[in-house]
Amino acid sequence: MVVGPPKADATTVAELGRLGVATVHEAAGRTGLLGADLRPLWPGAAIAGTAVTVLCPPGDNLMVHAAIEQAGPGDVIVITTTSPSTDGFVGELITTALAARKVAGLVTTTGVRDVAVITSTRFPVWSRAVSAQGTIKATAGAVNVPISIAGTIVMPGDAVIADDDGVVVVPRLEVAEVAEQGRRREEREEHARAAFAAGELSLDRNGLRPELDRLGVRYVSADPVTGLAADPEGS
Amino acid sequence: MVVGPPKADATTVAELGRLGVATVHEAAGRTGLLGADLRPLWPGAAIAGTAVTVLCPPGDNLMVHAAIEQAGPGDVIVITTTSPSTDGFVGELITTALAARKVAGLVTTTGVRDVAVITSTRFPVWSRAVSAQGTIKATAGAVNVPISIAGTIVMPGDAVIADDDGVVVVPRLEVAEVAEQGRRREEREEHARAAFAAGELSLDRNGLRPELDRLGVRYVSADPVTGLAADPEGS
Amino acid sequence: MVVGPPKADATTVAELGRLGVATVHEAAGRTGLLGADLRPLWPGAAIAGTAVTVLCPPGDNLMVHAAIEQAGPGDVIVITTTSPSTDGFVGELITTALAARKVAGLVTTTGVRDVAVITSTRFPVWSRAVSAQGTIKATAGAVNVPISIAGTIVMPGDAVIADDDGVVVVPRLEVAEVAEQGRRREEREEHARAAFAAGELSLDRNGLRPELDRLGVRYVSADPVTGLAADPEGS
Amino acid sequence: MVVGPPKADATTVAELGRLGVATVHEAAGRTGLLGADLRPLWPGAAIAGTAVTVLCPPGDNLMVHAAIEQAGPGDVIVITTTSPSTDGFVGELITTALAARKVAGLVTTTGVRDVAVITSTRFPVWSRAVSAQGTIKATAGAVNVPISIAGTIVMPGDAVIADDDGVVVVPRLEVAEVAEQGRRREEREEHARAAFAAGELSLDRNGLRPELDRLGVRYVSADPVTGLAADPEGS
Amino acid sequence: MVVGPPKADATTVAELGRLGVATVHEAAGRTGLLGADLRPLWPGAAIAGTAVTVLCPPGDNLMVHAAIEQAGPGDVIVITTTSPSTDGFVGELITTALAARKVAGLVTTTGVRDVAVITSTRFPVWSRAVSAQGTIKATAGAVNVPISIAGTIVMPGDAVIADDDGVVVVPRLEVAEVAEQGRRREEREEHARAAFAAGELSLDRNGLRPELDRLGVRYVSADPVTGLAADPEGS
Amino acid sequence: MVVGPPKADATTVAELGRLGVATVHEAAGRTGLLGADLRPLWPGAAIAGTAVTVLCPPGDNLMVHAAIEQAGPGDVIVITTTSPSTDGFVGELITTALAARKVAGLVTTTGVRDVAVITSTRFPVWSRAVSAQGTIKATAGAVNVPISIAGTIVMPGDAVIADDDGVVVVPRLEVAEVAEQGRRREEREEHARAAFAAGELSLDRNGLRPELDRLGVRYVSADPVTGLAADPEGS
């Protein structure tokens, strides 16, 4: 159990939260996602904070309790297990404790329970499953060690951004650079959105027509009867 | 890339949309569903339109951009990949462009992103996953060729109906017949619904009792202690 | 087909419903869950009742129709199949009939359809999937026989509790004992919730610190540069 | 932990083993299979014996050790967990102990490890996965209680038959009846096999042609160009 | 049920079989695969033939029996279902009948059973699962209609090639062109194999170094202590 | 692309290979496994070497070609993708090149193809799937950067041990310690194996009886009729 890890700058982390998961992921060179199966417990949840990592054995949440003490305002608890487990590692008692400590939210590759209560209190949780299955508190794990989820390495103190699009992690020392790239991308996207809303095509705006041509994509008319390419060499 | 395919009749397609996915599927002889894992991005989404089909390599959405130009009012973009991919092929920029073109909606076997924005704008999307994972624009695919999803063949111009029950496709030349069958079924179901609400049993209304008898189903009393069939030859 | 099975006491079943799935599961010695993939059709659905069990072949809902007649006020239909099937075994006609009979709700390991209508009528349904795929009525199955779902045996007349956390089953003869344990647990949790909201740590309240020590968990400081344990023997 | 359960008759169990999984499953009215994801560790493994059931928490094999003492010649260890786990609950040390006790084999819904050694010693094992992931020995479970796997209830002392087709369980008191039905089926199949090898069609032998006709299946010629039904009302 | 569909040329189909699945798939422009979950029942199985397609309801193999009559020397039975099913649609009686008719092999998205016997007789089968679960013969389906598996459309009479790499389908009218492309590819690969065996790098032989450079891939030395890129801007 | 990373000591790595995956995993404190879904292409494959890591986009194997040049005698190529992909990233041409360079083997979270040839040449490969699906060579990835698979972080130069039990990774600087622990464990297991073969129980040898007692496990006799615990408070 590691205490007092250095953390990503809070102001920059908040800026990453404002940009949102999809933009941050792009700004980070399309890295850092924790996979498509981590979903918010309730729609509209959106947080940004610094990771307190937790590694548990399957079906045993002892180290989650140990991690609560290490988490405070602006932190995000990130839990995974040594082998896959959908058991209910987290319920309303734990989220009550986390809310009392002003922890920003919780992300877990396991299941959670007490969904109705957690949803009504609006504590933000991302999980792989909902399961009432109880856990034990019998085995050691680790807190604030490097963990990895869906191919992304999460270090304690890294920035964790989560919203309806999933969860993305940015290494602690890269938040400023990613935020800067994110702001640029945000600006470009605002212009693009306006253009597309006005009817411009991405084929034109992004210069994709020559690319299609280079790749050999040709336009052929459909046969009015079969609906297939009229020119058999087409498509 | 095939342009200008013949399309199912718009009025009939709208009628199919009014009937809904479950009724249309039944009216089409229980065919045409695109599988149980395509879900609406937001509850209540419901569309009917004509297919613009898109076939992409995994992780590459170049042809989606090419497809936008081929889609207009009343069309539905239907995307699949040559091998399974949950990456985020579609985000708010693309749905903005589609909305500007009055495209009815989008169906994809991949992931989508910018869920919060797409939901707030109420653009209708059905997908297999939510994922912020970015895609590239490097490889050719095809637009308006026959594709297939979950065992159903989708031709450009076919009718695509989607709602909370999933997505169903009706071949272009069969929409009138299916709409007719659907209306008949709708009428039967209205009567059945009223009867069931009044307490009639489907066993009686559908004449299933003789069928149960023919299949050898017998009624035996439960043992009041064990709860099992009192007659060991029962069930 | 077994008729008239003995049923769990209705008042006690209602009490189990008040306690909710997670508490009942714990009170029952962490048993009885029907697995993490049975989800409510609409958030907030919550029921308690007595099981009418149904065993069907894949893709054939004949016995569901037979089961309707066996179900009345306070009952919950629980459906599974002899091999996995996500087809739409249940739609609005069936839920209309069940609502007319004041059946409390329905749980199925299959798919359901007519989601929009069922949701608007607030009939409570838990299922593994949403699918418009139609079923046939051609093969015998069984009603009110022992079935099992996700490792839990369900007997007709057992208590079935379902809410946003999933579905739990309590054997008919154990409901009183489980309700009693559940009330005790509920009381303990109320005190714990208040304590955690006031900032007490579960490490202290639950006496977990000696356990951590016994398991060899040591606290080491993080290196301020690497974020890793400063003491290489740490964690 | 229950000791000394009554067991299915050994001679009859051996006869069920001779008949094989597919025939026994049919003879038992198409019941008793433990699902398509339990596979033999090595091809050709085939056993029949009486169940010693084991229920473990995920990732904890303590009760498997307790079960070894309860198992002897002609028994089959059948393991499942309270929530899904693919960890390596069983390795060569356990199979060595079981072989020393002349236990017939082992079936588990978890993972196993030491695959090369177990295969070389030809101890028969069916499992859901191969995984070297170690387990702990910290939590109580149960031995010789009713468990259920893939919808089939397994009681201690029930007959367990396993081969390349999977695993089937026959209730203790039904083995004689199932063996008798199995022998009849075996005989019928021998005749059918000879007939089919000689070119007879199952359409004729099983009287299926009238059934096809009754179901409305018509024979239409293929269009020699398109390969589709020449008569559009066909298929 | 469609009889007498035109078939791909037998000599060319045999040539495709000699080339093998991977080469044919490439020669067909990387199309035609039936997905990664169709596996041979025994290693080394390899066939080429013309498709007799079968579409069944889940759990019902009636139309497989009807299809046997339509299949003869050089044909391959290709089975799929209207919704997913792993039941044992095919066993040794059916493969005995097919062998008697000199059918080349069988491909199914369902389960099969009697694995030990089918393996010992070396009848070639590709399936998604092994399952002893019995099927019924109660519902109509279709024979020799277009079906689709994993996004590939299969027409009756198309060429079906299957080996340890899976199953690929080539449209009837394209077999000559694909075989020609396949032979060219085979020749190129023979030269490449010899070159690679002699130590040449694919980076050089395929001219990939400029591509890496164009994509911005730079070579940086590893730090001898951390093993990470010595130049922080590297990778 | 990082060149020349420091590597784990070859002699020690070979010793880890001799110990095997299960023993090394235990000796490493039950860490380092790459998950239960990476399986050897042919039974009996067993290797030990040092990791050359490769990170690819889905469906694009360009960086695998770049990695070949970085791999030599005693190395193991370890491939993963930025989002899940079962495409055939590796075939016989690549394994021919690797064999020519005396690379020890290859591990990939993707699919492989040319299974029959690779198996006949006995080049050792572990993969998640078999798939003939071709890949492109269009996008940059990375070689010899930290990657992670199933929660385990893999650094270039780490020890990779793979056999029929799966794949385990040991950090470069920990191989000596793990080998030492592994030898001790091996010795203990030899004694245990001999004891178990002679009939000693693990309950006794491992001192588990007091643990069972402490956990409240009691032994109760089975009712000779029902087979359930005779004492209702049992189990």
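The letters A, B, C, D, E and F name the chains in turn, as written, and every chain counts its residues from 1.
Everything below uses one rule, namely that contacts are C-beta pairs under 8 Å (C-beta built on N, C-alpha and C of every residue); 3 or more make two chains touch, one makes a residue touch a chain.
Not measured: the values here are computed from a predicted model.
Engineer: Tell me which chains count as touching both subunit B and subunit E.
Structural biologist: The common neighbours are C, F.
Engineer: Residue numbers at the subunit B-subunit C interface: does the shared fraction exceed half, giving same, or fall under half, giving different?
Structural biologist: Different: fewer than half of the residue numbers at the subunit B-subunit C interface appear in both copies.
Engineer: Where centres are the averaged C-alpha coordinates, which chain has the largest centre distance to subunit D?
Structural biologist: Chain centre farthest from subunit D's centre: A.
Engineer: Using mean CA coordinates as chain centres, what's the subunit B-subunit D distance in Å?
Structural biologist: 37
Engineer: Please compute the C-alpha centroid of subunit A, do the same for subunit C, then give the distance between them in whole Å.
Structural biologist: Centres of subunit A and subunit C (C-alpha means) sit 28 Å apart.
Engineer: By the touch rule stated above, which residues of subunit A touch at least two different other chains?
Structural biologist: In subunit A, 30, 82, 86, 131, 133, 139, 146 touch at least two other chains.
Engineer: What chain pairs are in touch here?
Structural biologist: Contact pairs between chains: A-B, A-C, A-D, A-F, B-C, B-E, B-F, C-D, C-E, D-E, D-F, E-F.
Engineer: Under the definition above, what is the set of subunit A residues touching subunit B in their complex?
Structural biologist: So the residues of subunit A in touch with subunit B come to 20-22, 25-26, 30, 33, 36, 39, 43-44, 46, 163-166, 168, 189, 192-193, 196-199, 201-203, 206, 208, 211-212, 215-222, 224-225, 227-229, 234-235.
Engineer: Considering only the defined contacts, which subunit B positions touch subunit E in the complex?
Structural biologist: Within the complex, subunit B touches subunit E at residues 30-31, 80-82, 146-149, 151-153.
Engineer: Under the stated contact criterion, what part of subunit C meets subunit B in this complex?
Structural biologist: Residues in contact with subunit B: 1-6, 62, 65-66, 68-69, 86, 88, 91-94, 96-97, 99-101, 111, 113-116, 119, 129-134, 137, 139-140, 142, 144-146, 155-157, 172.
Engineer: What residues on subunit E touch subunit C, complex-wise?
Structural biologist: Residue list for subunit E touching subunit C: 57-60, 82-87, 131, 133, 136, 138-139.
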